[in-house]
Structures are given as C-alpha cells and as structure tokens.
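One structure, as structure tokens, below. Some questions next.
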Amino acid sequence: MEAQPQKLLRPNVSALDKILGLPLKLLDDGFIRVVDYMGDDSAIVQAARVSYGKGTKKVHDDRGLIRYLMRHRHTTPFEMCELKLHVRIPMDAWRQYIRHRTASVNEYSTRYSMAIDATQKTAPVKWRHQAQGNRQGSAGLIDPAIGRELSQKEVALHEYARAVYQERLAAGVAREQARKDLPLSTYTEAYWKIDLHNLLHFLALRMDIHAQEEIRAYATAIGEQIVARWVPMTWEAFQDYRLGSLQLSRIEMEIISAIGQSNIPSALKLAEAAGWLVAGPKGLKKNRERQEMETKLEQLNLQIPWTK
Amino acid sequence: MEAQPQKLLRPNVSALDKILGLPLKLLDDGFIRVVDYMGDDSAIVQAARVSYGKGTKKVHDDRGLIRYLMRHRHTTPFEMCELKLHVRIPMDAWRQYIRHRTASVNEYSTRYSMAIDATQKTAPVKWRHQAQGNRQGSAGLIDPAIGRELSQKEVALHEYARAVYQERLAAGVAREQARKDLPLSTYTEAYWKIDLHNLLHFLALRMDIHAQEEIRAYATAIGEQIVARWVPMTWEAFQDYRLGSLQLSRIEMEIISAIGQSNIPSALKLAEAAGWLVAGPKGLKKNRERQEMETKLEQLNLQIPWTK
Amino acid sequence: MEAQPQKLLRPNVSALDKILGLPLKLLDDGFIRVVDYMGDDSAIVQAARVSYGKGTKKVHDDRGLIRYLMRHRHTTPFEMCELKLHVRIPMDAWRQYIRHRTASVNEYSTRYSMAIDATQKTAPVKWRHQAQGNRQGSAGLIDPAIGRELSQKEVALHEYARAVYQERLAAGVAREQARKDLPLSTYTEAYWKIDLHNLLHFLALRMDIHAQEEIRAYATAIGEQIVARWVPMTWEAFQDYRLGSLQLSRIEMEIISAIGQSNIPSALKLAEAAGWLVAGPKGLKKNRERQEMETKLEQLNLQIPWTK
Amino acid sequence: MEAQPQKLLRPNVSALDKILGLPLKLLDDGFIRVVDYMGDDSAIVQAARVSYGKGTKKVHDDRGLIRYLMRHRHTTPFEMCELKLHVRIPMDAWRQYIRHRTASVNEYSTRYSMAIDATQKTAPVKWRHQAQGNRQGSAGLIDPAIGRELSQKEVALHEYARAVYQERLAAGVAREQARKDLPLSTYTEAYWKIDLHNLLHFLALRMDIHAQEEIRAYATAIGEQIVARWVPMTWEAFQDYRLGSLQLSRIEMEIISAIGQSNIPSALKLAEAAGWLVAGPKGLKKNRERQEMETKLEQLNLQIPWTK
C-alpha cells in the first residue's frame, strides 16, 4: 500500500510542548496539566489514509480530510491520538468526570495516604440559584449578603469535618475508614488518559451549557487551552460541526420544509399531529418538544407557524 | 428513593417471544435469530427514573420519557436492555460486523471444526456497478447477460476453492492452515450479544444508505423485525430522532438563518467565506461540503442562494 | 452448523426468580437486589459450543465444559450472561465500585433530586485500626470505649452536614451546588448492569481479603447469594479455579522444582540470584517477594529452603 | 500531593526511536512497524505513585514497583503507555487479531481501493499436520513431497481467484462486491493502537504455544523486538510473572499440600473426590484436568501420587 514504509520521527507539537507539565489553574485550588500526548492532526490524516488508500490524497488536503471526517462523524482516526492529563479536582466534580468509562485512570488513594488537605470553597458571590425550568441546573446568583453567611458556614463545616478526620487518625482508625465523612468538596488528584475521539465526546457533553459549572470549567480549559493547541485543525472542525451544530428531528425537518414552501397550514397540521398544539387555559399547553423547536426556529430566523 | 423495593417479575415481551429462535432468512443462505433478550421499553424508563428521581413521573409518561432520552442522546438508560442473536453471515460481511467492538461474540471456529460448507452466491441479476461519485459504493446493476457469466465463474471458483480445502484436509493438513484460502464469501456463524444503546449505534451506521448492501440487509432485519417488536417506543423514537434526523453545521445554520431573513447577500458572503463559491471553468468548482448543504436545503424546501 | 435452528424459550432460573426484587440488606442502610438477568449456566455452554462446533458435545458435559472454560480463562462465553442490580451504597464505597468500567450504570442524581437522607453510620465496636504491614488496609478493632466517642462525633457531623445542606436549599441554592459538602458516607442508589465475565473479575478483586470491608460486603453478597443461585456450575468453577487458586511466578516454580528434587542448594542459589537473600542486621533483610513465596510454601506444606 | 507540578519533557525511548517506522518482516510478505508510542517504564511508575502517594518512593525503586504491580496484576498503571503499529497481515490471521476489542484500528478498505495484490504463500516444507490431542492445533510437518504439490495448487488457486477478481473489476463490478471471493490469505494492512496493559494481555494469549503459528509470529515480534526495547523493566516482569507463571487450582493446591506432607493417601483421596481416578479398561480413564495436573507436577519435580 505505502510503497516503502520508512524511518519515522515521532510527531511532536511544539505549541503543546511549551505548556507540558504547567498547571492551568481551575476553581480555587484545582488544576489540569498535560503530562504527555501521542499524535497530532497529521496522525489522524495518516490513519484515515490507510483506510481510504492512495486515492484520498488527490481529493482532500489534510484540513479538508479532517473536516470531512468530523462532519461525517468518523471516529476511528481520532482514536489514533491520545492525551494524558494530571487533574486536581473536587471529588464532587470527579464523580461526574469518572462516569466517562473510556479513559484510563490512576487516582490518588486515601486508603494508602492521608486525604489531600484542601476542599473547594465557594466565594460569597458564587452561590447559584436553583433553576426553575431545568430541574438539574442553576440560574442566577444568590444575594451576596446571604452568600457571605453560606460561605462562612461552609468554611466552618470544612474545618469541623477535617478535625473529625484528624481525630480519627490520631485514635488509630484506618485511613480507609477515617475518610468516610470527608465532604465531597475534598480535592483529589488523578492521572487521566483518553483518546481524542472519546475526549471530544467528553467535551461535547461537558462544555455544554447544561453541564455543571465546575466540570464545565475543566472541560473548557481542556478544549480551549489544550486541544486547540494540540490539534488545531481538529479543534476548528469540532467547533464547526459538533459544538456549533444543530440536530433537526424528522418532525422538525418536515415542519421547516412546509415553512420553506410558505405552507403554514401544512406546518400547523404536522405540529398538531405531533401533539404539540394542545390548547390549555392560557394559550398552548406547555410542550417541551415544541419549545425546543421554537428555539431552533429562532436560531434559524424562521417563522414559528403557531405564533402570530 | 423507591419507598419500598419489592418482589419483581422479569419483564418479557410476548411479541418477541413469538419469534424467539426462529431464523429470519438473509442473503442466499444466511439468517439472524433472537436467542435471548433482557429488558423492554419499561426497563429503560425504570433506569432513567433512578437517575431523575421521583419528580420525573409527573413530567413524562413512559413514551414521552423515552422520546426525551432519545432526542437528547442520553445513552445509559438504553444500555439497560440487551439482545443476543445467532447470526449466519458471509465472512466478508462479518469483517464489517465485527468492527463494532462493544458486542460480545462467540464465533464458529474453523480451527476446531471443518469450515461451514456454504458460500454466498450472487444471482446473475445482482451484480452491482461501481459507483462513480462515491468511491466506496455501488450504483445500478450490471447487464444480466454479463452477470450470468460472472455467476457461473463464481460457482466454479467456489467449487475449486472447496476442492483445494478438502484435498488439504485429506492430506492431513491442520484445519487452521487448510482454511487459509477459503473465499471471503464462506459463511460463518456466531452468537452476538449487545446492549440496546450500542445496537442502535450499529443500526444508525449499518442501515444507512451508504452501508454495503449485504450488511444493510442484516441491520435492517434487526431493526425492523426485531427491535421494532422488542422495544416499540424506542424504535419509534429512534426513527424520528436518529434515522430521520438532519445535522446542520455552524456554517449551515448561519446560512439558513440569513435565508430566513431573506438576506441572500449575507448568505452568499457566508458561503464565500467558507470557500464554497470558487469559480471554475464551467460554473462553481466542485465542493463536497457545498453539495452536502444543497441537498439539505432541497430537503427543507429552502432556496439555494447561489443558484438562480 | 446447528442442523436446524428452532423455536426457543428464554432460559430462566427459578432459584433466582425467587429473590427477584427482594433487597439483600448490607451495612446499616444499604442493599442489593436483583432487577433482571439474562442467561444461565446453559447459555454459557451454548455459546461455547458455537465456537467449538459439534465435536464438543462428546468430550464434555455441561459442567465439565464450564470448568474447562474457567480453568483456561476463557472469557467470551461468560460474557453471554448479564445481571442487573439495584444497589444502595455509601458514596465512599461507590467510588471504588464505579472504577469497574465495564458496567452500565444509572445513578441517582443529586442535581435533579434532593440527596438521599441517609448516611452510613459506624457502630462503636466497628472502628478498625490502621494496618501496619499493609499501608492500605485495616487490622483489628479500636477499643469500644474510644469507638463510642468516635460514633457520637460521627452522628454529630452527619447532622451538622445535613443541616448545612438543608439551609442552603432553603436559601434557594441550586441542588447541584448545595450538595458539595455532603459527607462521603451519604447513601446513593444506582442500577448497575454487567456481564458475568466482568462480574467475576469484579468479584475476584472485591471479595479478596485486601478489598475494603464495605465493598467486600457487597461483593460477597453478590457472589454467595446471587451468582451462586443464578449460575451454580460457574460459581463452583470460579471458587475452584479463581478464588481458591494460586499463581506461581517463574522464579517460584524454579525454586519449588529444586525443592521437589530435594536440591536445597539449588533452591538457595535461585533465591540468591533473585536478590531475596540479602543479609541484614538481624537475619535476612525484608523482601516482599520472598515473603510472598514463604506464604505460598506454607500453604503447600513445602519446606522454606532459607529457614531451618 | 506533588509539591509543585513542573515543566515536563515528553519521555522518549531511544532504543525504540531507532526502529521507528522500520518494518520487521513477518511470514512471506507481512510486517509490523512502530509508528508511535506514548510513555515508558517511568510513566508506569509515575502513574502508580499518584495512587499510592509519596510513601511509595521509600518502599520501591522503579524496577521493584513495576515488578510488584505486574506480580499483583495491577492494570491501570500499564494503561498509561500506548503503542501504535502499522501491520501488514493476511486476513485469516487478522480475523484473530481483530477479536481483541480494546484496540483502535484503521484498516485498509477494499471497498474504497483495490485489494492488495498479495496473498500469503506456504512453502512446501511448511504445511502442518492436524494435531490429534488438541483439536484446534497443528503438530509436525507434512511430507515435503506432498507439500510441494499442495504449494503448487495453492499458487494456482491464488492466481485463479485474482483473475476472477480482476475480471469482475474489468466488467465494472463494484469493488465492495468484487472482493467477495478473495482468499482469506489475502494481505491487508492496518494501523493498530493499544495500551500496554491490553497489549500484554494480547501477548499472553497470542505468544502462547496454543496460539496459531501465524499470529504467534506477530505477537512474538511485538513482544521480543518492540516491547522489550520500549519498556524493558515491564518486559522482564511480564516474562517472570505472566508468561512464565503457573496457576494452581484449589484442588491442585490441596493435593500438592498433601504431597508436601508426604501424605500420599490423602493426595489420592483428594484426586479421587475430584473424579480424576476412574478406572478404565487399560489404566485410569482419560481425564483432562488430571493430565493438566500431571504436567504441572512434572514441571515442579513433584511426585505424581497416582503413578508408581
């Protein structure tokens, strides 16, 4: 296939080498730092060309091929790159982080060593309100006057919990048991290694506006400060075709298609059939899928058929 | 969380039980049959409700919740169902099948036993032309007169290859070595077990029009004859939100948004900036991404800004 | 391969059906209960026979085949069975549990709902000493008089932490943020689904004497009360060939081989070459690998060459 | 944990850099060459130390820690290293290779490009006899006179199959369909990337004497020529604790323990209870597990209690 396999040099990315090992600070006492990496944009291209054979070269340059692969959700070429991070993160955020099963992980052991003496602290101006529409989110900030009190009590709780932990250790209690009441805000550290395909999946979920602010901070730092340096063509394509993309369902497509023909009655009939236009006491009854489509129509500057 | 965990009965799906073990015939000598399954639509709902807690019940009925999960690409609740198939398939198609790494597999061993004495045969009217636009596809059928000749030679090759195989075995050659020149069209069999989330991913890729006809036949049978019976709500949601969906890139969204405002100059400027409107000797130069968008605009009945 | 695929009934295991849904109580407020399962001992045999073809029947009955597969560490046939549990467990133990990446999980969300109002409490007689030899374990119990005090303070900490949590919620803080200082002892719940091969791997690690007592309780309940009922032949084989097995390294084999020939000088030379017999101020210098071998030699009633 | 994270240099292994890209020839026309790698012996140690904390340094030097991790089957630290190979291999061996699901793969596509024009050819002196005891293996070589004839017919079959393939392409048949009767001996190529833990598992299975000769050649080259250069301490530990190790079952341990006490009646009673000593017409009836133990006793120079 390749006429003559030849001596290779390992690909290296000097923009990333410059920050290798340097911590990107996160939250009040967390960080992420790159420990090692394998591959670069050209490694993705190289692997894809094995599949597609010689013909590919003519059709696509490197950037074009990467964009094509991303647009059509090809996955295996992106698995050919690998990133290893050293992460310092509160256990609460780590509980979300670790749910991504495709990574390799070595975490600091509080059975083997004393727990890290640091907890994530919330500044008085950083307490967030429970969102109403979205049961699992936050919206807006708590009055700093109240926040001040919450923050004081937080510190007191951290100190109390630490004192209990120390007391247990002093009494000879095993570390594996003494730790049982540490607050979830306690920092942990880990080596975390993942391939680029699975990393992008992690970023798509965790950079999303619906992700919790704390893990979003980690994901955003990984995306904007690490991946952007490491594989710039892939990062550009990811932003164009994944982060900034919009998915239309079959029903949404049909409705837009009717709008495209200026056939509003047909659009209404489709929405009706989907059960979106049930009348309530004050206007249309709440319907989540309809509301989702309204947001999309606004993004596309298209008319919402059921509003005047 | 659940007030009192209670005695359970295993969920069973009588529509699927009816075909349990019965082969669905495929190609000339292949089949798929359901050997076992775990879970049903309500098992997906049950697992999702563990995550979302009691509140969910009010907001969604079962169908609504499944549709919500599918629309927002939730994955873990769909992993709670599992399907086990017995598959008989030519090795050539199996080479594609096995690339899905998330399944559990036990394949018939031609080291241990004699190779199955069956090869996939192509009828004279079933030889397909190489596609021109799509380097990896077929398009249209070969003249049956030529097909007849191709089919005759195919049978001759199968017989010859089998004779060589038999001769080797008769000479005492080890099965693991004798098999080395069997044609890829030789049938193999396997038990194949996969969870519903990963199965749907397999179906999205392999029911696609770009998948090779042979594996598409298997995927379509699994989808339409098995999944549709097994988890009908999930199957409906999958068709609405995955199979029939359309992905718009950031650039495409911006262009549609300009079209929505009837701002054609702005739409053209965006396409221009994306490098889509390079003039060639006869009209616009071929650009794959522009062509992809043209297809989408046609589906949506929206005007293509760069054609009159 | 199989002469004629035929209508099937789903395998069911009445011994397991009897406890389906019923909680097996663990720790002070945890439980495990079987929600569903797929397959049984004969499903393992069925899948293995696909690989090995017809010949297998003659050589092995079902039990013999399962034992053969387990002894030789075959894995794929055991993947053909699947178990789904509902688990209630302290977050601290869950942190270990979740490290097994091959399971499917839906966990109770404390973003979406209020945290479960239960924490694992330690009885005065259950506080464990830090082990000396093994840095990550416990050894022996703390004096109950001290334990009483530790338990009182534990309750006080739990109440305090819960009060802070409630106060935050009352002040309108988002659940996703309010939870950040819950103690690790807080109970969580999850649906957890895993195939039998990966479950046995989990059990081998977590039923081990070196596993932490809390997770060992869960693993032991799964093994002895669930797996033993579900796939009794596999469970028997697992005990004989995995749990109760002993691994000898190349060096250990060579030394035992010398012992077998009553060639003690040769055994000593081998241990010497491995660096095990370095003299210290009082007898041999501590060497972990040598100590491991001494334990094995004692188990096997073989003479330790370097002690008189 | 680490007092101050600091600027890092990527680890590199000059012994491996020397052969980067250079093909190691295999079979008649195959090869393996290293395309890239991540990590080295010290990266394993680095990740393990994150888990174990500062204390580890004192107890173990790097080699000691790696040997400890291997001996106790720790897995995650070995996942921190990654290897990427370019492999050229007959499809028949690739069918076994690809069963290892934990690797990332990009394979040459015979839908997209013409199949590689090379098939694995067997020299007259390389035809292997079917093994008798082991249904899935080979044993000894076929008479070269017969081998000569087999090799001639093999070449004829390859040529014939290729002619049919060419004829189809000439008739305009799609590549995806034309390939269906290529012999399994046809070479394919792939990029194959895997972490060190999973690679060692692959090597343990495929360097084993029971693995088929062809794939064993690939595994042995990867082990002895690549892994040995890349992570020499890990390779040494792997040979001592995995490749060269011996597993004793519970029953075998009990019998050896009786032998250790020179209590032959007790050893016989245990073997009897295990069903190993059933009398047949000529001596003991064949029993696979007993035979396995006899082999182990011979390796250990221990007496077989049931032979005189």
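Letters A, B, C and D mark the chains as written, and numbering starts fresh at 1 in each.
Just so we're on the same page, contacts are C-beta pairs under 8 Å (C-beta built on N, C-alpha and C of every residue); 3 or more make two chains touch, one makes a residue touch a chain.
What you are looking at is a predicted structure, and each value in this text was computed from that prediction instead of being measured.
Under the touch definition stated at the top, chain C and chain D share these contacting partners: A, B. Chain centres computed from CA atoms place C at the largest separation from chain B.
Once the centre of each chain is set as its mean CA position, chain A and chain D turn out to be 37 Å apart.
Note on chain placement: the centre of chain B and the centre of chain D lie 32 Å apart, centres being C-alpha means.
The distance from the centre of chain A to the centre of chain B, each centre being the mean of the chain's C-alpha atoms, comes to 27 Å. In chain D, the residues that reach two or more other chains under the touch definition are 52, 55, 105, 109, 112, 135.
Of all residues in chain A, those touching chain D in their complex are 1, 5-12, 17, 20-23, 31, 33-39, 43, 46-48, 50-55, 76-77, 79-80, 82, 84, 86, 88, 104-109, 112-114, 116, 189-191, 193, 195.
Listing the residues of chain D that touch chain C in their complex gives 52, 55, 67-68, 71, 135, 239-241, 243-251, 253, 256-261, 288-289, 292, 299-303. Looking at the complex, you find that chain B touches chain D at residues 90-92, 95, 98-99, 101-102, 105, 109, 111-112, 119-120, 122, 127-131, 135-139, 142, 146, 150, 153-154, 157-158, 160-161, 164, 167-169, 171-177, 179-185, 212.
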